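In this document, chain identifiers A, B, C and D correspond to the written order of the chains, with residue numbering beginning at 1 in each.
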């Protein structure tokens, strides 16, 4: 009793208000920044030739011929994986906090605001709670599959990080089949959903699992075809290659280069919403229908994994869309040559190179968070579609639309000269900006239209 | 007996079964059953073969209690019949006993009843349309609706001291007169409400997914609605222009000018879920009109008719009907000349609405069942009483 | 064909239009004030003090102005009020109230008892926070000690009864019985009350085991 | 159409099976013979000019004194805006009448409720089982002679009333006080005109 009182976060916050702010700041900025910095430091080293050279230069050890070289390489890869896994967990947690705060505000509520400054530590508290809770397994469940299911989802979440470019050089490996690889491995998530739905031996979970399978498999098709549009425009499947084919300014992004790409972007985003089981496509867990759907029987740590996958998947979805359509990490005004020049001639890059890398990561992170906000915002605005509507939307609208975009892009690439692309880019950018301004004005007018409501940022 | 067999044989009245079908219990605890109700549902994948509601989990014997307590003492119990629209449960009981006694409440009391009742109707309809949006998967409209409802609850709390269990009506009048300055507050709120309703429509009513989910779903045509004795917005959603306030006027309602919105099949077929939803949204606007008129025309005078302290109505029986937020609420009171009712019967809109769900459930999808339950606006305590 | 093509694209434009509106509404709430009241610790005033005067909170009786007419007991539809009147043995002309108990755990806050009260002795306060560790702690004895009964109040014509401000007496009472303190109303420890519940015939422990005490006399352990 | 006219039409069609309009205060009703109720309802529903399409309520009243259970039908016509109240009396020992489910679907659930709470058997009902109470409930609660069994499957529904015990304590104490005063008598009258005792809270 006494211990639980002492650990009561509210009373701690009361007693040491500064401590709370410091802890919050550390969790909010220190941890993610540390992970980014780790990525920035480790990723450039993570190549055999660099490691070999470094070992020779600093340690005088000829790694290239050493019998232990594979162990060292694997060790570095583990380091990278460690950073990625932690980043996923932290992002998943932080995004739950963001989601709850944004949802609260949109719903005229406040959201969590007690644990830590602005309630930021709520996700840490939740994670601790989840891990401490009993991990119950229903007696009639298929024990092995029930235990394994969350890890399938987890693997599906983590594998795309291998090719997701965070910055100019901060990518684990730039596969030449990157896009294809992402489309393939994200399907692992649905294996987890399907297995958990079946293994739970619960009717709700079964409904959820089957719905999830049907949904994700269907939406792979429009998603896959829509992803072919930037591939066509860049002429490569490599993620870095696609980003390099774009530029830092909006009219250099693929999304505005031709109208079909714009449509393909919306199709890709819609499909990824469906693949990530986000509202309006949250059918597999459909709270008001299936109670909790595929994870109805899960608790404790396994449930935490499912929830983490659900939220962290937003990063993959958004990051993919940013990479393929929105210019990725391209910093405005920085050409690819500048990275090369800044790198310097030495084995390790010059400081300016690191600054440029950090800038490119920042651009990527900001864009991705903006898309994540869009996902959150959509979730708290739209109702859920029905199963048959989800299917008809996929097959009647998205699939034909994606094919059309594909063909138009093909023709566009063949027929329109580069100048045409540039003009289209600028025109579409202007249009998009005009729509954005109109949208913001509409938003402002919504407040004025309701008697008694006004702009008021108090009550946090 | 294994529970599955019992469900099969007893509730679903099923003698044969195919391998593909499963029986699912939607409830008694389920996010969308609006209380404690169990829908025993026989499904083939996402398609429902039949869904049979099992009720009674909230049965508190309120009709029996009516035979045990004296007439005035039953008023607080009526609050518990329908906790979302207790004003009408109060009013219906008061009207029934007044008819039994031959007492007429003074005009001011009638107006105050109308004001309180219509505010309560707005509050109830906000819950109804909000939870409906929630059941369709949109969480935000519900909290926006609750925001408006909070304002009404504050007003009603100031009027009668409670937010849900009002116990505001008395036999032959009302408990309190309007507080000082209350009318102005109500008018200020109504100004807000009238402008807010348009925002509500922009947010959810015409949302494409929402319309798609509700239009042409759970169609109850005119004949079916009447046959099943549906009441209130559910009946009007099927295009039947029937409103006790207008057609069997009681209280101050003959003095007011208001429309009775009915379902028109604007986005689908007459009598679909969306029509029932939209009827409620329109009724919010109509109720706002009534409150404005009542406040403008509010007569001076007493708020309580002369009624003996010990009520002993003559032998006889009377029916009190009011248009509750969930349709016609009918109190049937039989008096044997003592100070307690000999028999007190409450017939509620939710009970009638529950009866039709089995009929509608053939061949719909799981998600549609949720939409239908939500659109019928059943409140479990009102079903079970 | 043309019709269905128009319908097909009509769906798409509908989606764009209505999503546009819906998204602009939800976004606009980002800069409106949330309606939430940060109960209980971040309010400008105690919430009980912000409630309207008609609010029906916990019942309170001012024994100084109670006439012992028992109208409230009769009005209560669920019998949560128990009044016993008696003669003062020392002064047989003086009628006294030996017992005035309200079981506020069962009370449904309907207000019917307040209405017939001739002096306003029984009133609903605006206090609503009544969490107690044991449900019996919510039985309020307004005459704490039957040995010191309260005499009937005789109303004076043309003069208001000198009633204490509503809520004052109750607040004092509530402060005395913090929810964590043992109830002690039946003169025993909380565990001792278990047998009361367990007794098959539903009868209570006899009063012989301990003297009835006012709630205040329970130890503040 | 008024209740008198409806009653007259019924009398004309069914003769003896339909009683006279009641003369009691409040709402007036017509008593119909149980075996004719379905035909009467069918007639009320389908006859032009009557067209009672809306079955508002079906309920029952138990009269142990007369040894009958009355089943009460509140019917209404949304077309003509008129209503009628029918009553059917059935024997209390074995109450049974024909179901009017075939006339109005609304009666399905209403009759189930009467079956549940009064034990009236509706012959021809498609799904006659308990609706509010559990299937294994004993007795019919809305009958006047129903005695509560005090729980269900070992789940109690009563909480000991603390006020009863407190009354007992008070009585004992008062008796003790009276006895003490009596034994100390004749005591001088302490105060001729007692002022109200200090507030009980003052003591604590």
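Criterion: contacts are C-beta pairs under 8 Å (C-beta built on N, C-alpha and C of every residue); 3 or more make two chains touch, one makes a residue touch a chain.
Quick caveat, the model's predicted, so the values are computed rather than measured.
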Chains touching both subunit A and subunit C, listed by label
B
What chain is the most remote from subunit B, judged by the mean position of CA atoms in each chain?
A
Mean-CA-position distance for subunit D and subunit C (Å):
31
Roughly how many whole angstrom separate the Cα centroids of subunit A and subunit B?
45
Between subunit C and subunit B, distance of the C-alpha-averaged centres to the nearest whole Å:
28
Centre to centre, by mean C-alpha position, how many angstrom separate subunit B and subunit D?
22
Two or more other chains touching the same residue: where does that happen in subunit C?
11, 19, 21-22, 24-26, 29, 35
Can you list every residue of subunit B that touches 2 or more other chains, as numbers and ranges?
140, 144, 147, 199, 202-204, 207
Chains that touch, pairwise
A-B, A-C, B-C, B-D, C-D
So in the complex, the part of subunit D that touches subunit B is made up of which residues?
24-27, 29, 53-57, 59, 61-62, 72, 74, 78, 81, 85, 104-106, 108-110, 113, 117, 127, 129-135, 141-142
How about subunit A: which of its residues touch subunit C in the complex?
102, 104-110, 377-378, 380-382, 396-397, 439, 442-444, 446-447, 453-459
What part of subunit C is in contact with subunit A in the complex they form?
8, 11-12, 19-36, 38
Can you list the residues on subunit B that touch subunit D in the complex?
10, 13, 55-56, 59, 61, 63-64, 99-100, 102, 224, 226-229, 240, 242, 247-248, 314-319, 328, 330, 332, 334-335, 342-343, 345, 347, 351-352, 354-356, 359, 384
Which of the residues in subunit C end up touching subunit B in this complex?
11, 14-15, 18-19, 21-22, 24-26, 29, 35, 51-52, 54-56, 75-77, 108-112, 115-116, 124
